[in-house]
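In what follows, chain A forms one complex with chain B and a second complex with chain C.
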Partner chain A sequence: MSRLVLDVRNLSTAVSTRKGDLTIVDDLNLKVRRGETVAIIGESGCGKSLAALSLMRLLPKGRARIRDGEIRLEGRDLATLPERDIVRLRGRDIAMIFQDPMSALNPVMTIGRQLEEAIRAHVDLKGEALKARCIELLRLVHIPDPETRLKEYPHRLSGGMCQRIAIAMAIACDPRLLIADEPTTALDVTIQAQVLQLLQELKARTGMALLIITHDFGVVAEMADRVVVMYAGRKVEEGVVRDIFRDPRHPYTQGLLALTLHPGQSRAARLPEIRGVVPPYEARGAGCPFADRCDKVLDVCRRQAPATIALTVDHEVACWAAELESERYVVAVDN
Partner chain B sequence: MSLLSITDLTVHLPTGAGIVHAVNGVSFAIAEGETVGLIGESGCGKSTLGRALLRLSPVTRGGIELDGQDITHLNQRDLTTVRPKIQMIFQDNAGALNPRHSVGKSIGQPLRLAGWSAKDAKRRVHDLLVQVGLPETAYDRYPNEFSGGQRQRIGIARAIALNPKLIVCDEPVSALDPSVRAQIINLLNDLQARLGISYLFISHDLAVVEHIADRVVVMYLGQIMEQGARDTFWKQPLHPYTRALLAAVPSADPDAVRVKSVLQGELPSNLNLPAGCPFQARCPMATQQCREETPALRRAGSGNDVACHLVAPDTGATASHTVKETDRCPAP
Partner chain C sequence: MTLIHNFSRNPMALTGGLLLLVVGLTALAAPIVFPSDPLRIVAPALIEPFTNGRYPLGTDGMGRDMLAMIVHGAGTTLAIGISAAVTALLIGVTIGAVAGYYGGWIGNLFGRLIELFQTIPGIVFILALVSLFGANMVFIVLIIGLVSWESIARLTRAEVMAWKKRDFILACRATGMTDIAIIFGEILPNALAPVIAVSTLSIAGAILAESGLSFLGLGDPNISTWGRLVGEGRNMITSAWYISAIPGVAIVITVFALSLVSDGLGEVLNPRLRR
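Let's look at the complex of A and B:
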């Protein structure tokens, strides 16, 4: 088994509101190995993006903070590292791309200047060498005519092109881990296919690990080795992609998979629904946050949140019903 | 007889940079109670076409006939008598509602404009709220108090207020989470079954269109590339562009082949339309003929109408040969 790049333990992130602190990411455990692609899947408001921002230590100051836990990136704990050390790691060891590529770029700086900035943050390159590296990066992300593009501003480029530029900036210093937060949600299906293919190609070339955040099981099937399903700030299920698709154990995972539309589905049947919506954070009690939407809800679900148990070596689930269903020998996971 | 038919519809929009050729000679019809899915990439003119049907975009050439009446050149006053028959719901459901108007007022507005009394309108709005699955207490609340899915329900309630015959749905579920998306699609289907409404369903999500549409129209650079009934369309798509679109959808099967051919390039600018076939610049099979002659929409062997020189009209054998070729897209 290859080495861990990222090892997140019991991460909790809280957002401060007028009514006090709300825990948005709740006791998250996450491992990413070298060269591996892990997908975090869940609907809006499940805490996926806030978890990613916590890993980057990019939480908005004064409004959100890491309350507990460790974020070990190749041994160092990012959760407690002072800001000036984080700056040295960000971009070099860990980098991120966002959903909206247009607003991820600075509209009043040329593509070239932004790329140079991203490179010079960590590498001492100047003049021709710097420019050559910029052009090389644009070639890597398949931007046609890179010499001309360097002098242009982001508004001249399409969303797909901007996402390629953002990817070029993110990989400028060969990070060990790239976090991609819904990288293709804003793009057309043809451009999505191009960007996903590009990410796979870059991964194969550099050996970096990829943590991809999405709400689309199609993207998961296409890209990921392992999946983490999040609901209401908690990890509810984790496993190897094939296990999650073939044998999902948590009712939320089952619901999400049933929602994934397949070609050739008959129209006569109504689409399966998950009734209701994700509960607001302030309205959560001690029980399982999915209880009100769950078809398999038990009495215990409303009283006490289920612990994460291991069904097999690499399949974990946090659900009372799944625990009962499972005839296999189970042990509580302790991290 | 069809409910709506458009003939050679053309919408050219003058801008500072030149004329945007948004829609270029599109003809199709929608029958009563039918759902037509309109798919294509961003910028292919599908939204402009939808807006033109409501006369919200200027029509440069061609005709729109709704319920036996030519509405292409109606003036604003005459349009008010037509508008109740054709309504629209939008992707950006927050932007489509006035944040300062209560939900009751927003939904009731079309009724009041159509001459309903305040009392009747209020009763009708309460009825509509129930129909779209919202609590009646929503009446006095404001759009920002609702989630995206609930706001889309408000937009749907407003659209069906005057019993329209046709609703243009412009990416109604694209901004919604999967679980909410399924709820809204089921609601649209239920309403259609109950009220007999026709939909023009504009979307770039092929899976959704496959589920909801009786007939599918594929647009590229403001022109129809392929169209067909649901039975034939998905079974044997023939146009290289349709096939590329279908191939681009990530398959929800982890065992599917991950390395696949991907359509390269992006939609070209519609300021200056290319000569010949609109798709030739990205088409892996383009020939000299494609660069010179614009292909007409012809009935192919599959039963779909296809605008492609390489698809033989109405003979299955050569067509299926062509299909194999499209699987090979050039490497980047």
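Let's look at the complex of A and C:
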């Protein structure tokens, strides 16, 4: 097994509300190996973005905090590192791109200035060398005519271009891990494909690991080696993409995959849906948060949340029903 | 260039700008037009304005040329106004930015500091400090700056609070930029436009404050400002009203011009109205 870049253990992130702290990310375990692409998939509000911000230690101060767990980035625990050291790691070891590229750039600064700032956050380059690096970065993300683009302001560029610039800024200092939080959600379908392709290409070129947050199984199929399915702040299933698509074990994953359209699907038939809604965070009991929406619900589901078990070496699931169904030898995962 | 273009298309701002230009040029031309000391006694006392071709604005109670004193006063008055406003701008922007960017106890502390200064009556504070430490011009400028930064700080704080929530600030933090780099490099360029507009007005405020101080006789005795001229004419206001009125008019025009420019800048620099 190749070296781990990111090793998240028992991460819990809480948001403070008037009624007290709510745990939004609950006991998350996550591993990303070198050069690997891992996708976190889940519907809106399942805690995937908050998990990503936790990894960057970019949680809004005073409103959300990491309550428990470790975030090991190449051995160092980001969860407990002082702010001063985190600032040094951001951009250099771990970088991030965001959902809305149009608002991810400073409207009053030229592309060039912004790239320079991103580079100079970690590397002491000046004058011509700095400009050359900017142009090199723009070439890397396939911006045509980079010399003139450097002088442009963001409002003159399209969404796809802005996302490329944002990617260029994120990879400016060769991070080991790039977190992409819904990198294509705000883009046209054709542009989506280009941006995903670009991310693949950059990954191959630099050897960085990629953690993609998405709600689109299409993106998962296209990009990821492994996928983590999140529901209501918990990891419900994790596995190699092929296994998850072929043999999803958690009823939620099965439901999500059933929603995916296939070519030739009859238009007359009703689309399957997962009935019900995600229970609000403050209304959660001890049981499995999916119990009320689950077709295979058992008595035990409402009493106790299922532990994560390993079905095979790289297929984990947290579901009582799946545990019963599984005839294979089952070991509890205890990391 | 579009900035100047937009500015010149706003009639009020243009009027203000031109008036200010005249005052500025007057200040620059003073040593050429009136090379000798303006405080020298040159003619009989109390020549009424517009009666003598050599002294178009007349002479004061001691026989000094009013026009020469007004022209020379323009420079000192503007210089005091601008340097006091710059002082206020530096203090206000720094404190406002810190108060706005940081939440928690730092933000609270600086926020309360702004509120504290808001409750201090400016002119009284200035009088107290000047009478305590003496009337040195540099000192007066600093004190005026010290009592007038609060409105700039409040505005900066509000702007910074709004801008720091934007996505690109998060993106900048994700690239590992430090707080200082983000505040001064990313947020302030966005937030500064309305602050600049308000600062223009605080030049006017500083000129008025200095005039008030000089009128009360607490200005720097070695420097001739318009406020001091008004103050010196005070004794003869019933017999020779024009000695106070002429520099008074000069102050009114300058302050008026500054507030026009401030309004104009507020509109031109406002990104929401920008095309």
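Assume the second predicted complex is superposed on the first by the 335 of 335 C-alpha atoms of A that agree within 3 Å, B and C clash if a C-alpha of one lies under 4 Å from a C-alpha of the other, contacts with A are read in each partner's own complex, and residues count from 1 in each chain.
Throughout what follows, a contact is a pair of C-beta atoms (placed from the backbone, for glycine too) under 8 Å apart; a residue touches a chain by one contact, two chains touch by 3 or more.
Keep in mind the model is a prediction, meaning the values are calculated, not measured.
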Partners on chain A (chain B, chain C) - clash or fit: fit
Partner chain(s) touched by A:Ala172 [first = chain B, second = chain C, both, neither]: second
Touching partner for A:Gly127 - first (chain B), second (chain C), both, neither: neither
Which of chain B and chain C A:Ala104 touches, first, second, both or neither: second
Which partner reaches more residues of chain A (counting touched residues only), chain B or chain C: B
Touching partner for A:Pro82 - first (chain B), second (chain C), both, neither: neither
Which superposed partner A:Lys61 touches (first chain B, second chain C, both, neither): second
Partner chain in contact with A:Val189 - chain B first, chain C second, else both or neither: first
Touched partner set for A:Glu117, first chain B, second chain C, both or neither: second
Partner chain(s) touched by A:Gly255 [first = chain B, second = chain C, both, neither]: first
First, second, both or neither for A:Gly91, with chain B first and chain C second: second
Minimal inter-chain CA distance - chain C and chain B, angstrom: 9
Chain A - residues contacting chain B, complex: 43-44, 142, 158-161, 188-194, 196-197, 200, 215-222, 241-242, 245, 255-257, 259-265, 267, 270-275, 277
Of chain C, residues touching chain A in the complex: 103-104, 166-168, 170-178, 181, 185-186, 189-190, 271
Sites on chain B touched by chain A in the complex: 41-42, 147, 149, 177-183, 185-186, 189, 204-208, 210-212, 230, 234, 244-256, 258, 260, 262-264, 266, 332
Footprint of chain C on chain A - complex, ascending: 56, 58, 61-62, 87-92, 95-98, 100, 103-109, 117-118, 121-122, 166, 169-170, 172-173
